[in-house]
Structure formats: C-alpha cells, structure tokens
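Following are the structures in question.
Next, two complexes with chain A in common: one pairs it with chain B, the other with chain C.
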Partner chain A sequence: MKNARKRNLSLLLYCLPALIVYLAFKLFPAISGMYYSLTNWNGLNKSYEFVGPSNFLELLTDDYFWDSMWFTFKYVIVSVIIANVAALTLAVAIESCRRAKGLFRTLFYMPNMISMVIGGYMWMFIFTKVLYYLADNWGWSFLDHSWIGDPNYSFIAIIIVAAWGAVGYLMIIYMAALQGVPANLKEAAAIDGANAWQNFWKIIFPLISHAITICVFWSLNSGFQVFDVIYTLTGGGPGRATQSVAINIYQEAFRGNIRYGYATAKSTVLFFIVLIVTAIQLKLTGRKEQEL
Partner chain B sequence: MKKKGILSDIIVYTLLSVAALFTLFPLLMALMNSFKSNQELLINVMSWPTELHLENYVRTFDKMHYTRSFLNTVILSGLSVSLMIFFSALAGWRLCRTKTRLSRFLLKLFIFSMLIPFSSIMIPLYRVAQIMKITNSVVSLSFVYAGLGVSMAIFLYHGFVKSVPVELEEAAAIDGCSSLQGFFKIVFPMLKPITATITITNVLWIWNDFLLPLIMISDNKKYTLLLSTNTLFGQYSSDWTAILSALILAALPVIVFYAFFQKRILKGISDGAVKG
Partner chain C sequence: MKKIIAILMTVCLLFSLAACGNGGTQETNSSVPDGTKNVSDSGAATDEPREAELNIMMSFPQFMDQWETYAKQFEAKMLAEENIKVKVNLEMPSSDQYESVLQARLSGGDAPDLYTLHCNNIGTYNDAGYLYDLSGEPLADVIYENVKATVSVDGKLLAVPIESQAWGVLYNKAIFAECGLKAPDTLSDLTAICETLKEKGYTPFLLAFQEQWVPQLMTGLTLGGIVSGKLPDWLERMYKNEGSYDEVREIFDVIDLIMANGTDRAMEEGSEAGAADFAMGKAAMFVQGTWASNTIMTTNPDMQLGVFALPINEDPGCTRVNLSTSTTLAVHPDSKELDLALKFANYVLDENDSSALFQSCSFNPLATCHNYEAYSWVSDASAYVASGRAYQDLVLPSSVTDEQGRLLQEYYVGTVTVDEIVERLDAAFQAANAQN
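Coming up: the complex of A and B.
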C-alpha cells in the first residue's frame, strides 16, 4: 500500500512538467472556453456577466455563422473526396512503377513541406496573373474566369490549393499501406484470372481499409478547421462567400467588434460538430473494416 | 501480355508526369518570375527571365528582416520540440512503467484532448497568454506549443516504451543508478526511433504553423518567417517580384531541409500517421 503511494508520487513528479504545460495551454483553455461561451465577455472590459445560453440562442439565428458552417461542410465533403481519391490513385500508380518511384514520391510530398500560407500566396499568383495570361495569349479561354473574385470559382480555387497541399501526406500513408499488402495474394488472384481492376477492389482495397480510415479521419479533422488556404487566397471573400467556420471565429474574436464570449460559443459548437462527424466516420469505416 | 504491360506503363507515367507538373507548377512559376523586373513580369509571366534581377531578393531579404525572422522560427521550433520531447518522454515512459489507477487516469487525461480542434481553444488560449503576460514572446510560445503537442507525443512514447525490455532498467537500478539517471543513460537512447518521428512531425508542424503565431505575436521583432511573409504580402500587394522572391526565401529553408533528410522525413511522417 505504502509502495503504491510512493510509486504514484514519483509518477506524478515525472509527469509534472508535461502536466503543467498541458493543463495551462490545452485543458484549461478548453474548459474555460466552454464557460466563456456562457458569458458576455468582450475582451476589453475586465468584468463580464454570466448570461446563460443566450449566446447559443443568438447563434441559432446568426445567418453569417450558418453560412460559414454550410460552406465548411461543402468544403469538407468535396476536399476529402478529391484529396483522398487523388492520393490513392497516385499511390497505386507509383507502386506500379518500375522506375523513378522515389523521385515521384519525393516530388508529390514537396507541397506538404511548405506552409499553406506560402503555397496559398504562390497559387494566388497563378490565379490572378498566370491563368489570365494563358487565357489571353495561349488561347486557353476556359481559364478566363475571375478565380478569386467570383464565389463559384473561388470555391474551386480553394479546393485545388487545399488538395495540392494535402495529397502528398495522404499519399505517403496509402503507399505505406499498399506496401503492406502481401505480393503473393496479388499473384494468386492474377493467376485465378482477376484483372488489375478486380485485383484492386477485391484484394488490395480491403487490405488497406485501415489506411483509408486514418486518411479520411485526418482530412475530415483538418478540413473542418481550414484556415490558412482561405486566409491567403480569398480572406473569406468575395463578401463572405468563402468564409469557413475557423475564419468566422477568427474574425469574430480578433477583427472588428470583439466579442469573445460569443466567439467561444461558436468554437464550442464547432467542437461538438467535429466530434460527432468524426465519431460517425470512425464508426462507419470501422464497421466496414470489420466486414471486409 | 507484354504489349499490355507497355500500354499500362504509358498510362501510369503520363498520369504521374501530369501530376508532377501540377505539383511543381506554382513553385516553378514563383521561382522563374521572382528574378524578373516588374515590367517584364507584367508583359509575359511564362517566359524565362532575360536577366536575373537579384536585387528583388536583396530588397525583400531586408524588408522581411529575413535573418531575424529566420532565427525566431528556428528558436521557436527548436525549443518547442525539445521541451515537448523532454516532457513527454519522461511522462510517457513513467506512465507505461507504473501500473496504478492514477497512471491509467493520467494517460486518459493526456490523450482524450487530442480530438479538441485548435480553433475551439484559440480564444481562451489567447486569454491565458494575456493573463500570464506571455504574448509577444518566442520562448513562452514554445511552452504553449509544448502544451499543445504533449498529448500526441506521450501517446507515442507510451506505446513505444511497451516494446522496450524493462530488465535493463532494473539492472541499472541494481547497479545504483537513480531512476532519473537510468532514464537518461539507458531508456532515452533506446527511444531514439520514436523520438526521431516525433521530432520530424512536430518541427514541420511548428515551422509551418501560422494561426497561433498570428494570434500571439504582434511585435514585428518577434515575427516568424510566415508572419513576415504575410506582412510583406499586405504591404506590396501588387509588387509581384517582391512577393515572389519573399515566398521563395520563406520556402527555401524547408526545401533545403527536405533535400537533405527526405528519406527520414518521409519515414517519420508515415510512422507518425499510422501510429497516431
């Protein structure tokens, strides 16, 4: 008994440094955020009052917020599908290469090394200068759009840049999974007369379902928090057409009328939505994984 | 059979080449145009520069206080990750070696918050920093990053320590090593593979992170590379040669880092993702 207490004490000592920074900068902010969401704190006045659920009630009828939520869902669905399909396609293509495997892998991962802020500004140059040039001088008139100024096209622009930035990371995970598929299984299926297409869907796909779970989970999570790409490309505009929830919260808290209490209510809602969506995803893909 | 192989090879290599071109396109366009004069850039963005205007680089190097921003970013990433490694290796190892109710509780406490999105805590986190008066400090921001990163690192260390035989530590203890000495001399060196993974993933995360420094740092003497790039973009919104040379300068350190360590980085990334 005494021994256990001593062990616990030494355990606490070893955990103390991690525990302190973790409590101060993660857990306490998370919990106090929930509390602030029930207050009218505006960041300037020292005092604030407990206002109960009134922030959440106001949120229900806040069109700007729900527009940004709708945009975020649209963004998440489209970007998760495009990035994962592209990453898996590239991974399969590279794995089937005899030469230059390493070269392609290195190349495709490169955008992930660079911050999306830098990538976003580089693409800004492409969208505002290069594509116009190609449309005017090379006759590629299908590129002649206001990529940043027109809401429909700026959505496409954001998706392109986000996919450009995410594909390499997902591809690395898919490649690791593909390398784990035993070669004799593929050979056996080929001998039994399966073509490459059947081979992929019946043999390989089930065996890499774990990687799919990881990749979809990761891209869902980062998709719901999308900030850098939009901040650099459109800043949420034109108007509020491409405002994601993270941008909306950032602007509520750090730009214009500062309303921390109200902004933390938005953060809390975002937290629960991400939690519910990822829980559903893990349950669905987890069940699929077991079936396969 | 052989013909089919060639046809599929052609399809695969065409697909990969198009994708490679798409991947490199913004980087190459930025690089090529960063050496032009502004007039030349406005006339034709697709041509090679007729002469190399290196003064674009000289000018932005000064304007974005490159050396200072670079050093700030190095200190921030280096210190954050060192703290994170040190704190979480100690905790993760001990949590794995102690089997009590408290250890199970602490482990759960550490990892349950991995699901909390950063956007959900950024405002109260900013508030905490304000109260502690640690905004505008690179060193303090490192502790914040350590706090945000320990969950994942402890989770990874905890998983790894399970595969490290406990006998060596016991032998060291019998030989009179204190438990802390034993940790540094025996355990920590054995954790090297997972330490490498944690270092790589976190250095890249912090080096490339934008939102947290954007909130925490407003003093331009403390700016990271990304913050100074962002400011420069705001100041020179139509001077593309200045912006593009700044973007190339800002991307350069990671590209060089990647060129030297790409094998290790790619391995670290895939290990980190699969275990997490």
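Coming up: the complex of A and C.
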C-alpha cells in the first residue's frame, strides 16, 4: 500500500513539468479568455468592465460571424474528406510499392515539415505567377482563372493548399495502421478467393478503423481552427468571401474596432461548437469501430 | 537508490522550470540594481562605459537598412558623448501585422522603449497611457507648426512625426510626355487621358488590390477631396450618426473609371509587385502614395515619377492632394531607459544627421533641421499644397477604413453593388460610433 502510494507520487512528479507547462500555456489562457468574453476589454486599456452575457447576445445577430461560420463548416467538410481520402489512397499505394517506399514516404511527408505560412506564400506565388505563366506562354488556358480574386476559385485554392499540407501527416498514421494488419488474414482471404478490392473493404478497412477515427478527429479539429493557409493566401478576401471563424476572430481582436472581449466571446462559441462536433464524431466512429 | 536519483532529478527539473515561469519578474528585479551598479561604476572609473539596451519597434520593413544605419550612428554618438554603450534592438514586423504585434506587446507588459504608430491612433494610445509627453524636449522647437498640430493633443506633443506627406496619384511622366498629356484637373480630363493612353497602346491604371489597404486608398483620396471641397461637415455628421455615404456616392464615378481602365488580375497583385510593375511601365498611373517611391526608384532608377491630385467630378476645387502625417514615433512613458529613449527621439530630428536619414527614406521635410532638396514627386505634390489644393487626412474609425478596403475588393470582383456598399459602410460607421 505504502509502496503503491510512493510509486504514484513519483509518477506524478514525472508528469508535473509537462503538467505545469500545459496549465500555464494552454489551460490558463483558455480559461482567462472565457473570462474576458464577459467583459468589454479592448485589448489595450488597463481597465475594463464586466458586461455579463451581452457579448454573446450581440453575437447572435452578427451576420459576418455566422457567414464565416458557414464558410468554416463548408471548408471543414470538404477538406476533411479530401485530405483523408487522399492520405489513405497514398498510404495504400505506397504500402503496395515494392521499391522506394521510403523515398515516397519522405516526399509526401515533406510539406508537413514546412510551416504552413511559408507553404501558403509558396502557393501564392504558384497561383499568381506560375499558373499565369503557363496559361500565357504554354497555352494552358484552363489555368487562367482569378485564383485569389474569384471566391469560387479561391475556395479551391485554399482546399488544395490545406490538403497538400495535411496529407503527409495523415498518410503516416494510415501507413502505421496498414502495417499493423496481420498478413495471415489477408492471405487467408486471398486463398478464399477474395480479390484486392474485397480484401481492402472487408479485411483491411475494418482493421484500420481506429486510424480513421484518429485522422478524422485531427483533421476536423484543425479544420475548424484554420487560419494560416487562408491568411497567407487570400487574407479572407475578396472582401469577406473566404473568412474563416479564426480570421473573423483575429480581425475583431486586432483590427478595426479592436474589441478583445467580443472576440474572446466568439472564440468561446467556436470552442463549444468544435467540442460538440468532435464529440459526436468520436461517438459515431467509435460505435462504427465496434460494429466492424 | 535509482529511485531516489530519479526523484531528485525530477525535482531539479521542476525547479528549473519554475524558475523559467518567474523569469519575467526576476529579470526586472535584477536589472534595476544592475543598472544602478553600472552607473556608480562609471562614476568611479570614467573610461568604463555604462551598458544599456534600447528596444525600438518600427513598421518600416522597407527602410530597414536606413534605420539600422541610423541606430548605429546613435550608438556611436552615445558612446562618444555620454559614455554609454547602447545596444539598439530594432524590430520591424511587417506592416500588415504591426498593429497586432504592438498591441500584444503593450498589453502584455513587454512594451518597447520606442515604437512607431499611425498618427490617427495617437488619441487612443494617449487615453490608454502609452505616450510620453514630448512638449518639453528640444525636438519640439524644430518641427514645422502645421505638422506639429497633427501630432498634438490638447497642446501636448505626443509623438515625433516621421512620415508626413502630400500624396495623390503617381504617374509616369515619360509616358505622359510622349502622349502629350498633362496632369488632370477634372474627371473629364482624366477620362480623356485614359482614352489617349489606350489609343497609344498604354494601360492607364495599375491595379494591385490583393492587400485591402491599396484599394482603400481610392476611398481615402476621393472622400478627402469631396469632403474638403464641398461637404465640410460630412465627417462630423457621420460621427453623430446624422450623415450617410449616400451623400458622397459620386466618388464611384472615378473609382469606376479607374477599375474599367486598369491592368488585369488585380486581385493577384500585391502592393510591392504593383509598384515594381508600375516602375517597369506596365501602366501609366497608379493610385498609391509617395511611400512607394522607394520600391519604384529601386526597380527602375530612370523612372520619371510625378504626382497629381485625383479628380472626382467637374469641380477642380475637389481635386486635392492628401496632406497628412502617417507614421510617428512615440516614447513609452514606463521605459526603463526613458532618458536614452528621449535622446533617440531627439536624435531622429538631429541638426546634423536627420536630413540624410529623411532623404534616404524619401520622407518629406518636416522640421527646420531638414535642408535637403526634395524629389520631383515631392515638389509636384508640394505645388498643390502651396496653392491651397490639399486637405488634411480624414480621421475615420479604423474599422470603417478596413471595411472600405474589403468592400472595394468585393466591388472589383463584382459581388457588391454601390447601394450595398453605401448601406454597409453606414452600418460600419454606426457600429464604430457605438463603440466609442
């Protein structure tokens, strides 16, 4: 008994450094943000007043905020599907390669090692210079669109860059899961006459469903908070056409009227929406995992 | 034994982390006795200079070299005259992010000793207590009176003006001369200019709308001209919720003209790329301030750059250049090196060295210590000022300014109409009024 308590204490001590960092840099700012959402602080003055829920009431009629929320949902749905399908396809393709597996893995993972801000500026160059060069000089006129200026095309541009950045990371998780599928099961299915397609859907897919849960969770979560890609590519423009919630919050807090309290109210709402959506997703995919 | 060592090491790690957490306060505590010790040291042995650091944050990434040189000069001057070994840390965040970085630093208690801010924000920052009153400093005596008025509140000089400029539309004098054109006074003059340029195979306007502040310059210039020319009380009424953008709707006549006669792919063109393209002769005119002259002249040193006032209607009285102070340098009142910070502020308008700095950044002269010959585009704009055809920059709430930029982008890509713009700008103005 005494020993067990001693061991627990030492385990706790091991965790403490990480716990302190987590508390100081994650939990404390998050909770104080929720507190500021009940004030009218402008982010600059030394004093502010407690205003109760009025920020949240104002939020209900803020069209720009709900427009950005709608855009974010659209972005999340499209980017989660595209990034995960592409990552799983790549993972299966690379796993089935006999040679140069490591090379492909490294190549596709590489975008993940660059900051998305730099990636965004790189792609900005591609969309505003390279594509036009190809369109003008090589006659590839199907590339001649206003990639940043036309809201429809800029949505595509944003999705391309976001997927490019996320695919490598998701692919690694899927590859690890694929390697965990026992070879004897696949072999047995093959002997029973299953073709590659059946083998994938009936044997492999159910066995990697835990990886799907993780990847969808990760991409949902980061999709709702998307900022860097949009900020570097379109800045939310033209006008507010590609403004995600995170950009809307940033502009409320640091640009224009500088309403820090109101901006934190927006982020509190975003937090609860992400919480609810991911909880539902975990519940659904968790149930699916058991069924399979 | 192993366990004991492990626990001991964890405890050590813990303490080192805890020390990190308190780093901020400990540092400030320890630096004070340090400073005093150094002062007494230098008193005892005069050849041992006191060491000091000065943190300066500026929104001038394009003038990084010039300011770094100036900071080095300041360091040398302090060492020679005051026996202080100053290390100036210059920080230059990009102008897009400058305000948010500055705000985070100020409210986070990590304020720079000196920082640049836009003239329009002086009131807000003064209310928040972030500006030192510079009225008693030597620099107050050298600034021109009309410029001093733009950086003073209640008779207190609160910042050192740095960029004070008269600006309008930039144009390529060589192209204009070739086509036999001269600067326009009315909207029909400008329309005729566009026609002639197109006949001769030139694109009239360079459009670079990727960053929202660039299209916003069109509303800046047109509103300024129309308000000072015929609606002097418009802005005042807007602040009382009694005015509307409907009254100034005619600004869209010239905005339409510019957009219809501009270069393609404007949304894909950033401000720097736009300035470079303009310098290479891609278009004859560019609605951009004289601050872009640095990029333009670097790209094409032979460029013949001129400035004219943007016509809005048929009344030459509304055709005016903008005369404003934009960037100013403020001293933080709680600076640990307040004395040095003030010395630097004074050094910016130094009798001997200031002219070279201002000239190299192509800033306009704004104090008696500035005795250099102005550039062609500066004297163009000054001619308008001298004949009374200039207006003082309109101070709009910055959320309205941002909204104007956004709406002009949307107007360009065709997702809003003028009616919607009027409605949304009125709403943005009223929302800003409700805030203050």
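One rule holds for everything that comes next: the second predicted complex is superposed on the first by the 268 of 292 C-alpha atoms of A that agree within 3 Å, B and C clash if a C-alpha of one lies under 4 Å from a C-alpha of the other, contacts with A are read in each partner's own complex, and residues count from 1 in each chain.
Please note the rule applied: a contact is a pair of C-beta atoms (placed from the backbone, for glycine too) under 8 Å apart; a residue touches a chain by one contact, two chains touch by 3 or more.
Every value quoted in this text rests on a predicted model; they were computed, and no experiment measured them.
Touch criterion met: A:K26 reaches chain B, while chain C stays clear of it.
Contacts of A:V216 after superposition: neither chain B nor chain C is touched. When the two complexes are overlaid on their common chain A, residue A:P111 makes contact with chain B while staying clear of chain C. Legend: residue contacts after superposition of the two complexes on their common chain; A:A189 is shown touching neither chain B nor chain C. When the two structures are aligned on the shared chain, A:S96 is found in touch with chain B, with no touch to chain C. Looking at the shared chain after the overlay, A:G237 reaches chain C, while chain B stays out of its contact range. Looking at the shared chain after the overlay, A:A263 reaches chain B, while chain C stays out of its contact range. Of the two partner chains, chain B is the only one touched by A:I249; chain C is not. Once the two complexes are overlaid on the shared chain, A:A83 sits clear of chain B and of chain C alike. More residues of chain A lie in touch with B than with the remaining chain of the pair chain B and chain C. Residue overlap on chain A between its contacts with chain B in one complex and with chain C in the other: 10, 14, 17, 21, 24, 43, 250, 253-254. The touching residues of chain C, counted against chain A in their complex, run 3, 6-7, 10-11, 13-14, 17-18, 21, 99-100, 103, 106-107, 124-125, 127-130, 209-212, 265-269, 397-399, 402-403, 406-407, 409-410, 412-413, 415-416, 431-432, 435. Across the complex, chain A is touched by residues 8-9, 12-13, 15-16, 19-20, 22-27, 29-30, 33, 41, 44-46, 83, 86-88, 90-91, 93-95, 98, 100, 102-103, 106, 109-110, 113, 115-128, 132, 143-144, 146-148, 150-151, 154, 179, 204, 207-211, 215, 226, 229-230, 233, 240, 243-244, 247, 250-251, 254-255, 257-258, 262, 265-266, 269-270, 273-274 of chain B.
Taken together, the chain A residues at the contact with chain B in this complex read 4, 7-8, 10-12, 14-15, 17-19, 21-30, 32-33, 36, 43, 86, 89-90, 93-94, 96-98, 104-119, 121-123, 125-126, 129-130, 133-134, 137-138, 164, 168-169, 172-173, 175-176, 196, 211, 214, 218, 221, 224-225, 227-228, 231-232, 245-246, 249-250, 253-254, 260, 263-264, 267-268, 270-271, 274-275, 278.
By the touch rule above, chain A contacts chain C in their complex via residues 10, 13-14, 16-17, 20-21, 24, 43-46, 127-128, 132, 146-151, 235, 237-241, 250-251, 253-259.
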